[in-house]
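After this come two complexes, each holding chain A, first together with chain B and then together with chain C.
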Partner chain A sequence: MAVLTREAPAGVSAERNARQRRKEVKQWLAVLPYLGPSLFLFAIFVFVPLIRTVVMSTYATTPIGEMTKFVGTKWFARLASSNVYLNSLKVTVRFVLYTVPGVLALSLLLATLGNLRLRGISFFRTAFAITLAVSGATAALIFMFLYHPVIGTFNHLMELIGVGRVPWLTDARYALVSVAIPRIWLQTGFATVVLLAGMQGISDELYEAARIDGAGFWQCWKNITLPLVSPSLFFLLVVVTLNAFQTFTEVNVLTSGGPIDSTQVVVHEIYRSFYFNGQYGLASAQALILFVIILGLTILQFGVVEKRVHYT
Partner chain B sequence: MSKHRTKDIIGKIVLYLLLTIAAVIIVFPLYTGFVTSLLSAQNLDTYPPKLLPVDFQWENYAAALKMAPLLRFVFNSFVQSSSVMISQLILASLAAFAFAFLEFRGKQFVFLVFLSTMMIPWEATIIPNYLFVQRIGWDDTYLGLAAPFMATAFGTFLIRQFFLSLPRDLYDAAIIDGCSNLRYLITIAVPLARPALGTLAVYSFLQSYNQYLWPLLITNSTNMRTVQIGIRMLQEFEREAWNEVMAGVIIVMIPTLLLFVFANRQLIRGLTAGALKG
Partner chain C sequence: MKRTLSVVVSILVVASMLLTSCGAPAPTAVPPTAVPATKVPATAVPATPVPPTPVPPKEPVKIDFWFAMSGKAGETVQELVKRFNESQSEVIVTATYQGSYDDAITKLKAGLQSKDVPAVTQMYDLGTRLLIDLKVVKPVQDFIDRDKYDIGDVEPAVRNYYSVNGVLYPMPFNSSNPVLYYNKTMFKEAGLDPEKPPRTWAELTEAARKLVKKDASGKTIQYGCSFAIYGWFVEQFIAVQGGYYVNNENGRADRATAATFNGPEGVKLLEWWKSLNDEGICINLGRKTADTKKAFDSGVVAMTLDSTAGVRDRIDAAVGKFDVGVGFLPRSSEADFAKSGTIIGGAAVWILNLRPEEEQEAAWKFVQFLNTAESQAFWHINTGYYPVNAKGYNHPDDIAWRAKYPQFQVAIDQLHAAPFNNYTAGGLTGVFPEARQTVEAAVEEYFAGGITAQQALDKAAASVTQAILDYNDTVK
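After this line comes the complex of A and B, so read on.
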């Protein structure tokens, strides 16, 4: 039999191939009802639109978004020399630089406190995490009140400590910081939860061994907690940075990009370009640039996560 | 010995003090919002601002509800978020089942296709999606609000991970006994995966409820506004009636605060799932 199959393979293997293919088709038909719905929605709302964004970024459009004429790299060239766009990139980077260190430092502090073994600590942990339930829009509205020039609490505090009233949202020098503060407040809750989960995964034995060797709290924190929580910290660094690049809500509610474009972040500029100015090609080009930035950061994150898996 | 004790006690007091200060700072904005929502118009305008609840004017809540159709907004958001949640639970369970239990050619590739949707930011597709939803007449509808978010790669991975932890023998035995795939999924896998499904349910509901940019783009009529857009409108409407605006903010926040109180564990698990994957 073995000889036979080896000697006369053509017909047999063709038949086997056909059988194999029939089996594969059958498998696919069986799988389709399970994967089909998701794949269909991804095609309609993710992949096709992504391609359309790429195409549209090379076309002139009517004010209602119909593509009219191929223009090549015109929009990208215009963006490269557009003060408005370059300003929005600069504002976004500044926003990232305000929020990311703030969130990481604050959440590290809160998680360290929340990781203490004390009675009633779960109450404090809940308090630290409460902003998980708060949306960007409601946070922005609450801070809009806190920033109120006359009856706002912040100006009252500023007067108490002798600084005097600050024109939080109406002065181009302070507006971006004022938009960043509610964002820091919101993200700190999430970041604290992530870091606390990381800290609680650290084995007690490590701390006990260190304490027997005479290490104090600070030494334990510096030499055990911080290094072992660093994967979570890195994850947060990437996620908080990504979120900062995609900021829209707080800006839209608090300043609408003003005063004099001092808070006009990239996504708000995209929104203005297509929703108000009807410049769909230009807006698509901006969206693509943002996509590339975000993709780069995401790949960086996946790369490092991968490495971490290999380590452990 | 007793010196040591006193030192311990002082140390503890200092720690509790630090914890309290930190908690007060974090909760302060919410607290102010709540106190303000109960102030009378008179006390709202006095300087310095009131830090303690001097009034309990619950009428502000009635006034906020009268000023804008807040309950309608809440209803809209519930319809949107529930549709997204239910559809994500179903579609993610189905896809996760295929990835965890079924064999087929190109599985790795399809898995990568799912994965890639997580790397494409929403902003990169929002313009064509906006135009598409408008063209097919779904703007200002619940379908338009929910449809783009009904499939989820994140949820699929979450549930697939859980399915993979179920004993493979259980599946093989059931199939040999003549149980169909769909029946296995519905009667055995899904009930066992309740923790993962709960996490996804809470996470997806919260995400849609708090959404801002998409509903801002595709809802035009007041009747179809979701809470996050509606509450912003309320503020633009009543620029200086901050007590009523804050009452509105609290009303809008109640569902997610309840979710936080009663489904804290699921919520945290969902939000940190990405962090703990590695």
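After this line comes the complex of A and C, so read on.
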């Protein structure tokens, strides 16, 4: 279209064209003050560090992170053959699989319950959402006490029901699940709020119409509620997945990646390389790979899953 | 339209979450300028509200001090700083807690990048090589030589531990070694002599067998022992058998180039340790000494290993429940006692050369204060870290305290019983924190089964050797 207009001989359309362009410039000028601050912050806290990370991933560094000499792809080559890093990627994927479906299912259930019209329901809505007010570190500390092998509540309960002490955090078979549980607990509050808001936004007329047609609770839920909260669900899928990929706090507090690296998720591995081992170049390479993976996954989610989302 | 809008919104939200979760590291220190002076309003009438200043109206020098002690020890550090500030008017020390030892070294490294460092910092033994290699330290030796300061009272083993090529780098402050804590009451119940803790591994195994208790259903309700999978214990156990952690005589004869903790000493240790757990007489509670301490305090395990720095806490926690006994770190055999001994653990205070000279001088005054007899005796009594100088040890308060609580004597005896050689000097390498974690993972892997102790340690040693070589490359 634009090409056509530009080639049009008449001076009128050229004039219109110029006017349009002025209008566009004006629009941009109006938009910039709004976007400016966030662009500025993005540049400082995201883009600049990102570029620095790219550069650093190709350099050798001193123990305090000054870049010394260019080493090309040395760090990436080492990562490709590093069992530790590959393991951390696997652990992360497992962690995502442990937490994301759990959070979505649980929050869908709680939001559905919270959406019922019952006396005193707002109390329950608040209760469901309360974990929003809890930080990751606090949640991890609470669970650390619950998991304590000898004096923890969980093991006390396990003994009462005759199972015996479970080495929650000290056995490689259970540790990752044990770390995933506080994460599910924590994120479900946030997810419930988002879904509940979505459900509250659904017009009553739809339900009334359905009921007149003889639909029961389950049919209403399946055919009205679920499709109409699908945008919220999709949003949660993306956000909860990204969060799970970036898990750090719970791992750092509860297990520090152990036992035998069974909870060593990628971000904790990056942390260990960067801060603890002083391997700044290697850590940068690890971070870049994670960045590419998450970016790819998000594009995939938008490309595939979003097709099934129903926007009103 | 709505669709694109919601996509944009989702992307923004996602991006902002990325932003919040990978933000810059938390600020590490209180800026040195943010101390009282600024509180005086500029317009205020002068003289009246200001406390009387001593005759030379020189502004006191303000310095930052970072420390890495929590609990009772942390409070004691704060108290010492307060006493120092009150004792003179030339220097004001602001002490800031930096988290665990590992956190503190991490923060110092971050601080060095941004040139935001304190004048004096507490740093654990593992950081020695790194700090010296970074050339950011003002050796206290310089001050000692200049002021003819008498360092002769400081325990020779501790002095040697923090000296490299004859130069004493930090001022020794809190030194400890690992000891065996045991529940005397349980010993009595099990028919063991509560005054004779096991001295060797074989004796410990025997004692643990007697101490283990099961209920009617066969469930264990009391374990003989539990040792945290803490790399420091492995280092100590290798040293007391006369083994090196890294080559070139623990990195003391020359810069270390390879890990050697996978020798027979390490293998023997791991096999014995696992046998305790496999037999069911001891329990593995993971890496955290906090967990084994809790288990000991609550009477679930009869013996545990920990630094002598916890003596005061253990005794306090057991009041009214049981009597706490303290013994030497058990050895693989009696012969070990003659051959070698424990390594100096704990930390020292380091003066950094990046701050102005007057701050370095002020820091020197402060570290001298920490090394006085009163300070060291006070420190010992309140924590369990033994006095690093003989003056503190012979201070009347300290003597009276040890008479009352002989448990505080054990670590000192263990220190004096250790011959001085490069086994007991401990390993010196720039990647020690990483090495320690790698060893801990190896122990866990071996305990989980499917791999021999030798294989687990070989794997760990290969990884640490690689790290040492990388490190050596960057500091040469």
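The definition used in the following text is that the second predicted complex is superposed on the first by the 249 of 312 C-alpha atoms of A that agree within 3 Å, B and C clash if a C-alpha of one lies under 4 Å from a C-alpha of the other, contacts with A are read in each partner's own complex, and residues count from 1 in each chain.
Here is the rule we go by: a contact is a pair of C-beta atoms (placed from the backbone, for glycine too) under 8 Å apart; a residue touches a chain by one contact, two chains touch by 3 or more.
Just so it is clear, the model here is predicted, and its values are computed rather than measured.
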Practice task
Using the superposition on chain A described above, determine whether A:129 touches chain B (first), chain C (second), both, or neither.
Solution key: first
Exercise for the section: Mind working out whether A:172 is in touch with chain B, chain C, both or neither, as first, second, both or neither? Expected result: second
Exercise for the section: Could you say whether A:231 touches chain B, chain C, both of them, or neither, answering first, second, both or neither? Expected result: both
Exercise for the section: Kindly classify A:298 by the partners it touches after superposition: chain B alone (first), chain C alone (second), both, or neither? Expected result: both
Practice task
Scan A:52 for contacts with chain B and chain C and give back first, second, both or neither.
Solution key: first
Practice task
For A:141, decide between first (touching chain B), second (touching chain C), both and neither.
Solution key: first
Exercise for the section: Could you say whether A:164 touches chain B, chain C, both of them, or neither, answering first, second, both or neither? Expected result: second
Exercise for the section: For A:219, select first, second, both or neither according to whether it touches chain B, chain C, the two together, or no partner. Expected result: neither
Practice task
Please work out whether A:150 is in contact with chain B alone, chain C alone, both, or neither, and reply first, second, both or neither.
Solution key: both
Handout entry: Shared chain A surface residues [contacts with chain B and with chain C]
Key = 41-42, 45-46, 49, 65, 148, 150-151, 231, 235, 239, 242, 246, 248, 275, 298
Practice task
Please name which positions on chain B make contact with chain A in the complex.
Solution key: 12, 15-16, 18-20, 22-23, 26-27, 29-30, 32-33, 36, 44-49, 51, 91-92, 94-95, 97-98, 102-105, 110, 113-114, 117-132, 147-148, 150-153, 156, 181, 206, 209-210, 212-213, 216-217, 228-229, 231-232, 235, 242, 245-246, 249, 252-253, 256-257, 259-260, 264, 267-268, 271-272, 274-278
Fill in the blank from the handout: Within the complex, chain B is touched by chain A residues 24, 27-28, 30-31, 33-35, 37-39, 41-42, 44-46, 48-50, 52-53, 56, 65, 109-110, 113-114, 116, 118, 121, 124, 126-139, 141-146, 148, 150-153, 156, 182, 185, 188-190, 193-194, 197-198, 231-232, 235-236, 239, 242, 246, 248-249, 252-253, 267, 270-271, 274-275, 280, 283-284, 287-288, 290-291, 294-295, 298-299, 305, 308-309
Exercise for the section: Note which residues of chain C are touching chain A in the complex, please. Expected result: 2-3, 6-7, 10, 13-15, 17-19, 21-24, 102, 106, 109-110, 112-113, 130, 133-134, 219, 229, 283-287, 291, 294-295, 298, 300-301, 430-431, 433-434, 437, 440-441, 444-445, 448, 463, 467, 470-471, 473-475
Handout entry: Residue numbers on chain A that touch chain C, as the complex places them
Key = 41-42, 45-46, 49, 60-66, 68, 84, 148-151, 159, 164, 167, 169-172, 231, 234-235, 238-239, 242-243, 246, 248, 256, 258-261, 272, 275-279, 298, 302, 306, 311-312
